[in-house]
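Pasting the structures in now, so scroll down.
In the two complexes that follow, chain A is the common piece, with chain B as its partner first and chain C second.
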Partner chain A sequence: MKIKLNGEETTLDKDSITISELLALKDVKMPDMVSVEHNGDILDRDKFDTTQVKEADQVEFLYFMGGG
Partner chain B sequence: MDDIILKLPKSIEVALIEHATSLTPIESCGYLSGVGETITTFHPMTNVDNSPEHFSFNPKEQFSVVKEVRNNNENILAVYHSHPETPARLSEEDIKLFNDPDPVYIIVSLKDKTPEINGFKVIKPNKNEIKIHKVTIIII
Partner chain C sequence: MTLSEEQIERYSRHIILQDVGGEGQEKILNSKVLIIGTGGLGAPAALYLAAAGVGNLGIIDSDVVDLSNLQRQVIHFTPDVGKPKVESAKEKIAEINPDVNVTAIHDLFRADNALDIIKDYDFIIDGTDNFPAKFLINDACVMGEKPFSHGGILRFDGQTMTYVPGSASYRCVFNGPPPPNSVPTCSQAGVFGAIAGMLGTIQAAEALKYIIGKGDLLTNRLLIFDALKMNFRTVNVKPNQERLKITKLVDAEQASCELKNG
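This part shows the complex of A and B:
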């Protein structure tokens, strides 16, 4: 399937994938420090394991940014 | 790792210091975008912690700015925040929470009469290893 990932057309060798699996595929080392937008909605982290990404979906992810 | 260089226009250096000064004692924060190693745009961000000791970006605002930067054919080159009362060094909390290996982390310190600006790269190859590289900031 093809999805748009962080603005770029991306081809995946699957018909469906969870957000967690997608982050692992993209070598995100600390997924619990990442914010994800799926088709325009910001996802709660507890939905990463169950939210399925499908053909033509748009996914954006970025690292939580904070410090002291 | 080779020396990392970031070129910062004088006008944006001034803008960072003015932004930090205007919000002190609250920590200020923002993104800096540009092309290659040259910063061209400063994006002040909301510190949702509204705290003199912490900062956090609002994820909704983050996504919006990141998309705007991408549409302008620029990249996020740095994340900046201020230390109103402490030096321009990474705090323990900074090191713990800076997990994005890509941007340079710029700190503007207002501790002394003359503000100080330093930049760092924070690389975490695995959960037990942290590499910190000082970045050379060249004012242009």
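This part shows the complex of A and C:
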């Protein structure tokens, strides 16, 4: 399936994938570092294991940046 | 208020802009902006807001200038090392523009002083370098119904969004501070000096746009850039009513290695 991840079209060789699996697949080692938006909604962290990403979905990994 | 001849000349490049004009410049001269943290983001924001003629600039920072700050905190100069940052910044602002009245607060922005400090200002800029402060600013501004600009930088990346009462807040995107030490700070991971200027000047532009009431603010949008690829984009974000309910302010814990201002 094709999804849009961080604004870029991304092809995955699965028909659906959970947010947690997608984070692992994209090598995000510390999910605590990222807030995830799925089709326009920011997800609660406890939904990462159960939220399924499907064809044409949009996912944003938004990273904490604490510097200034 | 009428602009003096000297002011008409000083602000002429603003005044000839249709969206600013003499009227917008007078609004800027009558405005009050608070900058929390006079480091990487606060330094360029303060320089541009001072140059623009923001009539009252509040600056708050408890830190003193460190040699390692000078790579990006452009309001502080080499002879300022060891001096309170707010004092160093106040001196530069006075030299840039005598129209600006500076209130310098050499203190931490805390849960017990936050609402009292922000109440006198029209717009607040988050130029802090740690999550507890960023969430405290968010919560105080949501509670106090004050517009503010969030800003964060790390390595080659930056992010910013603007809150006005009713719009999505920083907490609508990031629910709460990450666990201490899960996310590196600039002192641990490094920061490319020029991106502090890129982000701090965006924050200054947002403050000025809010004051003159022109254009589209970065509300309900998070602007993200990666300066290594020089790629900018905005991600739409929605207000989350649960996360906009702030009933009390707290000073969150943070690891000691994160306490150093940057």
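Criterion: the second predicted complex is superposed on the first by the 66 of 68 C-alpha atoms of A that agree within 3 Å, B and C clash if a C-alpha of one lies under 4 Å from a C-alpha of the other, contacts with A are read in each partner's own complex, and residues count from 1 in each chain.
One rule holds in what follows: a contact is a pair of C-beta atoms (placed from the backbone, for glycine too) under 8 Å apart; a residue touches a chain by one contact, two chains touch by 3 or more.
If you're wondering where the values come from, they're calculated on a predicted model, not measured in any experiment.
By the document's definition of touching, neither partner reaches A:Ala24: not chain B, not chain C. Judged by the touch definition given at the top, the superposed model places A:Ala56 against neither chain B nor chain C.
Contacts of A:Gly68 after superposition: both chain B and chain C are touched. When the two structures are aligned on the shared chain, A:Met33 is found in touch with chain B and with chain C. In the superposition on chain A, A:Asp41 contacts chain C only, with no contact to chain B. In the superposition on the C-alpha atoms of chain A, the part of chain A touched by chain B in one complex and by chain C in the other spans residues 7, 30, 33, 35, 37, 42, 60, 62-68. Remark: chain A residues 6-7, 29-30, 33, 35, 37, 42, 60, 62-68 touch chain B in the complex.
Residues of chain C that touch chain A in their complex: 37, 39-42, 126-131, 134, 151-154, 157-159, 172-175, 178-179, 182-183, 185-186, 189, 191, 196, 222, 224, 233, 235-238, 240, 258, 262. Interface residues of chain B facing chain A in the complex, by the touch rule stated above, are 27, 29, 49, 53-57, 59-60, 62-63, 66-67, 70, 79, 81, 91-94, 97-100, 105, 124, 126-127.
By the touch criterion given at the top, residues 7, 30, 32-33, 35, 37, 40-42, 44-45, 60, 62-68 of chain A touch chain C in their complex.
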